[in-house]
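For reference, the structure I am asking about is given below.
Note that the chains take the letters A, B, C and D in the order they are written out, and that residue 1 is the start of every chain.
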Amino acid sequence: MKATVHVTLKPGVLDPQGVAIGHALTGLGFAGVNSVRMGKFLELDLAETDRAKAEAAVKAMCEKLLANTVIESYRVEIR
Amino acid sequence: MKATVHVTLKPGVLDPQGVAIGHALTGLGFAGVNSVRMGKFLELDLAETDRAKAEAAVKAMCEKLLANTVIESYRVEIR
Amino acid sequence: MIPNTKITAEVVQEHGLTEDEYALLLKIMDREPTLAELGIFSVMWSEHCSYKSSRVWLKTFPTSGPKVLQGPGENAGAVDIGDGLAAVFKIESHNHPSFIEPYQGAATGVGGILRDVFTMGARPIANLNALRFGDPKHPKTRHLVSGVVAGIGGYGNCIGVPTVAGETNFHPSYNGNILVNAMTVGLARADRIFKAAARGPGNRVLYVGAKTGRDGIHGATMASAEFTEESEAKRPTVQVGDPFTEKLLLEACLELMAEDAIVAIQDMGAAGLTSSSVEMAARGGLGIELNIDHVPMRETGMTTYEVMLSESQERMLLVVKPGAEKIAERIFKKWELDCADIGVVTETGRLVVKKDGKVEIDIPVAPLVDQSPLYRRPHVPSPKRPEIKAANTKVVEPVAALKQLMGCPDLASKRWIWDQYDHLVGNDTIQTPGGDAAVVRVRDTRKALAMVVDCTPRYCVADPKTGGMQAVVETWRNLTAVGAEPIAITDNLNFGNPQRPEIMGQIVGCIEGMGEACRALDYPVISGNVSLYNETNGQGILPTPVVGGVGLLDEYTQTVGLALKNAGCALVLIGETKGWLGASLYLREIAGWEEGAPPPIDLAVERKTGDLVRGLVRGGKVEACHDLSDGGLLVGIAEMALAGGIGAKLEAAPKGTPDHAWWFGEDQARYVVATADLDGVLATAKAAGVPARVIGETAGASLTLAGGSAISLDELRSIHEGWLPKYMS
Amino acid sequence: MKAAVVSFPGSNRERDIMMALERASGVKPSLLWHGDTEIPDTDLIVVPGGFSYGDYLRCGAMAAHSPVMKALKEKAAKGTPVLGVCNGFQILVEAGLLPGALMRNASLKFVCRQVHLRVEDSQSLFTNAYEKGQVIRVPVAHAEGNYTADEDTLKHLEDRGLVAFRYVAPDGSLAPEANPNGSTRAIAGIFNDSKTVLGLMPHPEDATDPHAGGMDGFGMFKSLVNALH
């Protein structure tokens, strides 16, 4: 099965990369960029064939490694 | 308007991060992780209110800055 | 691609072979090649791998000397530094890949040169880089600078090798062809230098490191062809660097080298598995048989052609002693790297490659290498330029000119760059970036190595022979200024299209000048690299023969830097000043004039002057020392003042020398020293027969010229430090 | 003082810190490998700088889950002092031994340069050879040293005096340009609640030699020897 994971900074956590990208876009002449937030996107290819089990496993992976839950939240989708 | 951008490595381009994450997950006892690919995920908040215009602008941003089109491809969604 | 593609004239041409070269191939093969075989000839006979345009000239370099343990011909050169140790070093270009993808191009350039050095059994102790970018106003330049610097830092920082020195120039001739040259210096045991000659038929051939993908296929051919807008659009799959894997590969290789296991080792750099296997076989006069099925791959469906030509990074090819396969396997497993037995050394003298049990490649190695094309291309010397009289050049008040020069792209501080390089890891960096040469301690001894890269392309274009000489001499002087005994050089010859006689003339002239300087200074060439076809749409780069010099300090505490340390010291100019403004930075930046003959070089005077200065430094007679080059005397003093935060009061120019010629002339063989022992310095110089003259005294927080014109160090610093960060922001 | 230095695939400043420890204590530290499941009895455990696992995903994240870290956490819980420098700090934070997180530098660039630090506490195991308020000059070399934590955590750190070092100007004052990475409140290093664990981004180990970087970092190693000899 395929799983995708979005890892994003929790609201309120300052995102220096997003801020810098926003600045750079404005500098390049793109007007009206109010804000940019930057996150990670992971695609996993899993041997598991059971949807629920796959989802549980990937959530566990997020808790353990893929996200730093102090500052990040995550979203798992199984396809 | 809100736009989201997924930036991923083109197929065939080496993804050292993905490989290392895959190793680490296996090391943590998660069996059956065939492969991991790592990409970026951006959320943009735009002043633009016209959907088509926003999409065109974000695509231009991707070409110019957000993606390295030599090795990465991108996907834009407007919401 | 399918292996049995019909080999049409078009296919041959796509592989960069001329009709004559293809005819030679047919003669060697005695049949039509398979596509994979054609691919192998194509990369092996590319300019990058075969040096077909430069080989005859490279042979004229002096390459031996009492300290040379390994000259050109191996992955890197090596010199004896005593204590049973060798310094191993080489320079390599990654120009075209860095233009296409600056971050990865530069990063993999660093990765490649690191491998060349640790393949020899040396632990890398320092990286250097020589960068040339286009006009700062060109729309691409900023992006290229940012990517290249991040890439060099990204790789070197991660692997934990300090990046300690480099140079960065800007000139419109590099607009479409930036230069990214990376150098690595390593340390090995002098009696344990590893080579790349296959020996012992029956010995197994091991593949270690990262897996093979479709990266950079045709990279070597690309590096050998002129650039067009079109090739940029084609965008071949660029290689992506993985410094983490390289770090593991480094540690694993060094660990294996400590065992009695390796017969030969060669990194897979340009042209990957092809060049490594062919070169190993050729050096040993033997054959190699490979089985593609056993090559670790990260993609499916790869053809023999693709596997043989892939330039995936972080891979090595080994020939091991009988029975040592197990040792290798254990060590590479520990480091979580692939280790695969992919073949065997044979007596056949042929490179045989099998896939699914079928032979897909069968090429006689010796003719592939020995009969590779060799061209003595037509060349015309560059027209001689007239000498430029100081009286005929624009005069600008010295402090005003100084301000303009210190803030110009070539002279402005490159701190923005080296701040992004970990130049301290290892805690052995005694002289950090910003000085004449970096100095890195040799662990467990009192010694240190000094190292530098340099070239002055505006001199090379003005007069290739003098320019070539000057590049060598300037590195020699930089090493001398920090108190080191120069030992040997590596060089990276970056030029345009050698099929144009005027470009070939530059190549020949530069090589001639470099060789002459090396001979006169007992400073042999022990390794190097050639990068040709640096042209876009028929516009060649300035001839840029970058020289990487390495020198030795027996006692590291004897080194001095350029920073002024105390007020009340005498500033002494050592060497003769005529006020040579031709091809100078003053002329270019202030008068807007890229003209004139470059300053002449007298190698005997260089040597005499340098030996004197080195003696003064080592004898503790000077507190600071700086050699003079770009921008001349006043720029040199300003750099010393800024580095130390101490100003100077300067005396007037001698009678008969116009102010602007005195302060900004670029006469060679000159140094400025700061000393508390003025009499001692002058007496020593006199005894050596070298002109020395007091030009002022260290004092205060500004530079003050006789007559009262002055500038504060704060103002000077903001000009000098300001340009690059501002440009990049 | 007997110290053990933990190394991971990709560590690269382990030798720098081993030399500094040896210079201060006269005893050669032992070297542990990421796969070790046990840590022998030792006075101090050090997690050095580098790019463990390439710093891929997040700096320190993968190292934090290695077998040796499990053993390290057990030791730390029993009071064995732990020092994490640079990547070591990132690993300790990821492992939950110290609060907060280390994000990309505000400049988004790797930064290697000399910085000035103000010693905020001179009573700890790690800092007793310094004076409170003393300014020392040591280098940084990192891309992700931008310390961040939620308000409660910051308040806790400040109230309990758990900020060990701050980035300051040479005269000891706080100044934005003296902060190399954008860290919240110019925080360069923090203690755990019992002050037995210290994590910091700068490299005092690269300022323990008069010929390479000066001696300002030596005080930290001397402090440890004073406390743990």
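Throughout what follows, a residue touches a chain if its C-beta (ideal position, glycine included) is under 8 Å from a C-beta of that chain, and two chains touch if they have at least 3 such contacts.
What you see is a predicted model, and the numbers here were worked out from it, not measured in a lab.
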#### Entry: Where chain B and chain C overlap in contact partners, by chain label
D
### Query
More C-beta contacts across A-D or across C-D?
C-D
### Query
Approximately how many whole Å separate the CA-defined centres of chain A and chain D?
28
### Task
Mind checking the centre-to-centre distance between chain C and chain D? Centres are C-alpha means, answer in whole Å.
36
### Query
When the centre of a chain is set as the mean of its C-alpha atoms, what distance in Å lies between chain A and chain C?
41
### Query
What whole-number Å value describes the gap between the mean CA coordinates of chain A and chain B?
10
#### Entry: For chain D, residues that touch 2 or more chains besides their own
53-54, 56-57, 62, 65
### Summary
Check: chain C positions touching at least 2 other chains come out as 242, 244-245, 336
### Query
Tell me, which residues of chain B touch at least two other chains?
16, 20-21, 24, 28, 38
### Query
According to the definition of touch, which chains form touching pairs?
A-B, A-D, B-C, B-D, C-D
## Note on the structure
Within their complex, chain C touches chain D through residues 150, 153-154, 157-160, 242-245, 247-248, 335-336, 418-430, 441, 556-557
### Summary
The chain D residues in contact with chain B across the complex are 53-54, 56-57, 62, 65-66
### Summary
chain B residues touching chain A in their complex are 6-8, 18, 21, 24-25, 28, 30-48, 57, 60-61, 64-66
## Note on the structure
In the complex, chain B touches chain C at residues 12-16, 19-20, 23, 68, 70-71
## Note on the structure
The chain C residues in contact with chain B across the complex are 100-101, 103-104, 210, 213-215, 235, 237-242, 244-245, 298-299, 312-313, 336
